[in-house]
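Each in structure tokens, the structures are laid out below.
Both complexes shown next keep chain A, but they swap its partner, so chain B is in the first and chain C is in the second.
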Partner chain A sequence: MNDVSFEIGARETVAVVGESGSGKSVTALSIMRLNPERSSEIKGSIKLEGKELLTLPDAEMRRIRGNEIAMIFQEPMTSLNPVLTIGFQIAEALILHRGLSRSEAEIESVRLLDKVRIPAAKARLHEYPDRFSGGMRQRVMIAMALACQPKLLIADEPTTALDVTIQAQILELMKELQEEEGMSVLFITHDMGVVAEIADRTVVMYNGQVVEAAPTEDIFHSPDHPYTRSLLSAVPKLGSMKGRRRPMRFPVVDRATGQSDVPAEVPDTIREPERPVLEVAGLTKRFEIRSGLFSSVKGRVYAVENISFSVKSGETLALVGESGCGKSTTGRALMRLTEPLSGSILLDGVDLLKLSQSELRKQRNRMQMIFQDPFASLNPRMNVGTAIVEPLLINNLASRSEARDKVADLLQRVGLSPDMVNRFPHEFSGGQRQRICIARALALEPRLIIADEAVSALDVSVKAQVVNLMLDLQARMGLAYLFISHDMAVVERVSHRVAVMYLGEIVEIGPREAIFQNPQHPYTKRLLAAVPIADPARRLQKRPLNNDEIKSPIRPADYIPPVRQYREVSSGHAVMIWDPEWEKKEAPAVAARRCC
Partner chain B sequence: MTFSLSWRKNRPVSTPLLVASIFVLVVVFVSFLAPILTSVDPLSMTPDARLKPPSYSHLLGTDMFGRDILARVLYGGQISLVIGLATAALATTIGTILGLVAGAGQLSDKILMRIMDGMMAIPGILLAIALATIFGGGVLTVIVALAIPEVPGVARLARSLTLTLREQVFVEAARSYGAGPLRVLFKYILPNALAPIAVQATYICGVAILYEAYLSFVGVGVPPEHPSWGNIVAEGRSFALIAPHMILYPSVLIAVVVLAINLIGDGARDMLDPRFTLPD
Partner chain C sequence: MIRYFITRMLSIIPVMGVVTAVVFGLTYLSPGDAAVVLAGDYASPAQIAAIRERLHLDAPIVPQYFHWLGSALRGDLGNSIFSEQPVLALILSRVEPTIILAIAATLVSVIIAVPLGLLAARRRGGIADQLVSFFGIAGTAIPAFLIGYLLIFTFGVYFGSMPISGFPGLESGAWEVLRHVLLPATMLGFAQTALITRITRASAIEVLNQDFIRVARAKGLDEFTIIMRHCLRLIAVPLVTIVGMSFAYMLGGVVITETVFAIPGVGRLLVDSIQHKDVPVIQGVLLISSFLYVLINLLVDLSYLFIDPRIKYT
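Coming up: the complex of A and B.
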């Protein structure tokens, strides 16, 4: 990081945005003087209300941390101590920094938990962190940060690990708290949508340098620097696909000049008259929870419950939902990486669930999977060439010499150079690794690819490139995709049809346009309303959000799943008839904001 | 969790690791070059020169039969080091195979690991003494007797690594493109488990050199016609007060070599530990 300058006014929110490795987190740590001393060197000046922080003695700096600058982190799961109650952890900060007595601290803790909108704060004070969900833990972290009424709150990717509806709640909470407490916020994020939602001013970082710093509206409407422009063009905007039927490539922007090509709609790839590649009917997967002396079944996770859908050749069906909704389990169950309880999976008319393991191995070649974390899905001890030919050699589809030519071809197809075959996964960047995984999946010439959050972990610009690659491959090879994702904006861009999952069930399925423009199920509406929109002008629309947590699909052992019925909204657009409990909760939200 | 067990490139080798490695290499070379370095037969007795302190003709003195201690220590190094390395190799090979098999299947896991638990309930050195007594003296016997008590530890390590690696996405990916259970085990799991097992092997090597001395001490170790550091010390203990040089050199060597081997293990572990990263 090099020569970074910006200032944050009182009561102002400044966002530092950039891709991984751009130095945005290092900036935050430097302000707190938390970088490892031996390996880093801070030069320049950091002033808090005119007081220079860099020359302060360590003891004085410790007082500043917590009292005047507080910090919240990305991982709410690991930033709380699991063996202490949350009440104790908040009180500790109060006793230490504000010198309250234990009983005063307890009263103050309840007030703080109330402030961050934790229901039944008093009762939950003596609970341990494992009883809190990710969103609730992040609220606790915020309560702890607020404990000493800091002047500046540094939030390092505070919502990145959270589900989109929870993210919306936390962002809303932070906005409200900032008004109430009158503090300044330095918000570090990679998500332009979040920036548009929350920041007054934005600092764009690239390669350890500030490339642009301006009021957020200016950044979004008239970005100066080519990098800012390329970053913005890669951000999918919910609602931008209105009136288009087919998926669309992301525009490709030259980083040096900022010139962008005009993205076109992809050609029509769906083979309508053919029988679908994949037909799933009544797929169900439950996990048993056993405990006690005789490990009796105490409950079951209804991970996937009676879902049915089909995917045609050349079609992309997106499976969307939040964590725990069963979308990844669906993908794994389709591959029989986890054995489904019942249902049928017809791949080109053959029921995979009726096959023996060895028959399955042959049949499954027509369906391949790419995973969220490309690094984790490559064997670290295997070079890239070997990794890509493995599927061919295992299935005796090529001799070693044929395989070598094939690797070169596959690497070129995914936009990599054939002379990379002898390198190992750690020598590649995240985007390149995902390309390698795609090449490996293509080796068997599958008809369907299950992409389980395949672009979710990638930086925006890389994400755009990989999505473009997937669209090109679909056009060229007639691939069908089952695109599992939580990212509604990307889904809108790439899919032909969308299925929304909630607690293991498909609550709504239909053509993409129908789902995004005319959502019926309350959950679909809530999901769409929660997506941050990369347009600061829309920020002032206050969102009525409920503070519901995501429910858990764990049910008692004697639970009998209700029989669901679907209503056809229009051709191909079906919605589950929902329980009456949705009505009373959702009514105000729907009235206030019809999506997009 | 990111699971990385590869050697970190560009990481400087720590000083203790470097010094220990060089020291062990020197000891290995000197021991195996013994026939060149000294012309004295470690077994030839000279009854006139018994229990002599170090002198020009016997640089480290002589023992109670007038044998040259320098020659005995050098040749003894061969036996001790071979026992250390062979024990480590044998124990890790058997242990790794058992651990992989246990980690791969549920039934094999239950059976194998209960046997391993049973073995772990017997103190290692007692088991080794019992085995060495039953099978009688000999270098091979000592190696087997020392290796068997070490097997459960390696098996547990290999099993836990297998269980962790089995859940890694790249293993799932391999299954999804058709890799069978054996291929998964040997091409995906084993290569990634080798590094921590190799670290464990260095510790076993050190322990084996030490235990070889124990076995000699209680009289069930390497027979006297093969000098080893252990049996040199064992023979010399009755003369410790009149001729301390007899046990001094082999004892110091055992201590320092075992220390060095452990330092190598520690250094290697630090380099392989995914949690230990140098800031960029």
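Coming up: the complex of A and C.
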């Protein structure tokens, strides 16, 4: 990080945005002087209301931390001490900085938990963090940060680890609390959508330097720097695909000049008259929860419950939903990486669930998988060439010399140079590794690729490139994709059809345009409403706050799943007929909107 | 939770069943007639016959085992061949120094090891850490008796300030006991200290890298409070495990330390009995120390429930 300067005014929200390695988190930690002592050096000047922080003695600096400047972090799941009650962890700062007694601090902690809208605050004070969900823990973190009414709140990617509906709740909460408390906020994020929702001014960082700093409206409407332009062009915007039937490539922007190409709609790749590549009917997967002396079944996770769909050659079906909805289990069950309980999976008419292990292995060649984490899914001790040819050699599909030619060809297809074969995974960036994983999946010339959150861990510009690559490959090779993702904006860009999953069931399925422009199920609507949109004009809009947590698919042992009925909205667009409880849930949200 | 307690208590029964069977089997490990083995080398035929009758050695082995187990449960572990005293009384007369020594050695090692380990973890990679790590390796590698004789030479002979042998018994007062126990406890605790230091250091490094420690720093807490409040309780689980196991091990008698400092403890009793082929005493010592070992392990397991709220047994 080098020569970074910016200011934050009173009651102002400044977003620092950039991709991984741009130095945004280091900036935040430097303000708090929390970088590792031995390995970092801070030069320059950091002033809080005119007081220089860099030269303060340690004891003085401790009086600033948690008192005048508070911080919340990215990982709510690991940011609370698991062996201390949340009440104690909030009270700690109160006792330390405000000199409250234990009982006074307890009363104040309840007030703070109420403030961050944690239901039954008083009863939950003495609970340990493992009883709280990720979203609730982030609320506790915010309560902790607000304890001493800080002048500045630093939020380092506070919503990145959260599901999109929970992210929307937390962002809304932070906006309201900022108004109530009148504090300044430094908001660090990689997500331009979140920036547009929350920031007055935006600082764009690239490679440890500030490339542009301006009011958020200006950044979005007339970005100056080529990097800002390339960043913004790679951001998928929900609703930008209105009126288009087919997926669309992301525009490619030159980082040096800022010149952009005009993305074209991809050619029509779906082979309509043919039998679908994949036909899934009544797929069900449950996990048993056993406990007690004789390990009896105490409950079941209804991970995937009676779902049916099909994917045609050259078609992309997106499977969307939030954590715990069963989308990844579906992907794994299709490959029989986890054995489904019942249902049928027809791959080109062959039922995979009826095959023996050796026949299954042969069929798996026709269906390959790409995973979320390109770091973990490549063997670090195997060079890239070996990793890519391994599936060919294992299946005796090529001799060594044929395989060598094939690797060169595959690397070229995924946009890498053939002379990279002898390199090892650590020599590549995240995006390049995901390309390698794609090359490996392509080696067996599959008909269908299951991409399980394949672009979720990538930076936005890299994500755009990998999505473009996948679209190109589909056009060239007629691949069918099952695109499993939680990211609605990317899904809108890449898919032909969309299936929305909730608690193990498909609640709505249909053509992409129908789902995005005419959503029917309350859950689909809620999911779409929660997606942050990269348009600063929306920032001043108030949205209703709600506290709903994502429900759990764990049911008691004697649970009998209800028989579901679907209603056809239009051709190919079906929606599950929902329980009346969904209607009840919408009501208080409307009331909240009126009072704002 | 109550149910868990009871289940765990009951789980001692099968474990002790195996232990008693093995200990009982010792009689038959030596070649020849069990009555001859139990009676010792210098017994007359009449004495051998008496033992055979008293212990029902003519009966088949299974009823014999239950007969032996029954008497053991009533506290009758037989008589020593060598001194002809009841085994239980013999062991009880030696228990006091062993227990005091085990407690003292455990205290010495914990008091030294935990702060050292925490210091090394806090200053990871620094000089303090390197010294502590060196001590950790040295402590494990240097034989305990060498440390014992070094202590005797330094404090007993050179400074002449500490007693170097024997054990006065509790009736002579706390000060006397303390003076006599300090050197052997240091020797005995030395290897444990090294082990506990290494475990404390490794666990603390893991905990100090966690996100919630950074959160605690961002709250403005000082490093001492962070370690005492946020770190110590989390490393307590591995610590209690290792301390409990080494304590249980020491209760079984520590032969070398007791020999070096001429302390009449259980360890010495065991060695003497082995030399005299005093089978009933060997059996008694093994039985009681195994039972204590199992019991302390159980207590360690149960203590997790109070240390870490995430651990819930049903």
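The criterion applied here is as follows: the second predicted complex is superposed on the first by the 585 of 596 C-alpha atoms of A that agree within 3 Å, B and C clash if a C-alpha of one lies under 4 Å from a C-alpha of the other, contacts with A are read in each partner's own complex, and residues count from 1 in each chain.
The definition used in the following text is that a contact is a pair of C-beta atoms (placed from the backbone, for glycine too) under 8 Å apart; a residue touches a chain by one contact, two chains touch by 3 or more.
Since this is a predicted model, take the numbers as computed values, not measurements.
J.: Between chain B (first) and chain C (second), which does A:394 come into contact with in this model arrangement: first, second, both, or neither?
T.: first
J.: Between chain B (first) and chain C (second), which, if any, makes contact with A:75: first, second, both or neither?
T.: Touch partner of A:75: chain C, not chain B.
J.: Considering only the touch criterion stated at the top, classify A:291 as touching first (chain B), second (chain C), both, or neither.
T.: second
J.: One more residue to check, A:96. First (chain B), second (chain C), both or neither?
T.: second
J.: Is A:354 touching anything from chain B or chain C once the two structures are fitted on A? First, second, both or neither.
T.: Neither partner.
J.: A:63 in the overlay: touching chain B, chain C, both, or neither? Say first, second, both or neither.
T.: A:63 sits against chain C, while chain B stays out of touch.
J.: For A:377, using the defined touch cut-off, is the partner it touches chain B, chain C, both, or neither? Pick first, second, both or neither.
T.: Once the two structures are laid over each other on A, A:377 reaches chain B alone.
J.: Just to be sure I follow: which residues of chain A are touched by chain B in one complex and then by chain C in the other one?
T.: Residues 38 of chain A touch both chain B and chain C.
J.: Within the complex, which stretch of chain A touches chain C?
T.: Result: residues 32, 34, 38, 59, 62-67, 70-71, 73, 75, 78-84, 92-93, 96-97, 128, 130, 141, 144, 291-293 of chain A touch chain C.
J.: Would you mind writing out the residues of chain A in touch with chain B in their complex?
T.: By the definition above, chain A touches chain B via 36, 38-40, 332, 335, 337, 361-362, 364-365, 368-369, 371, 373, 375-382, 390-391, 394-395, 424, 426, 437, 440-441, 443-444.
J.: Where on chain C does chain A make contact in their complex?
T.: 7, 125, 210-212, 214-222, 229-230, 233-234, 307-310, 314
J.: What does chain B use to touch chain A in their complex?
T.: 2-6, 168-170, 172-180, 183, 187-188, 191-192, 278-280
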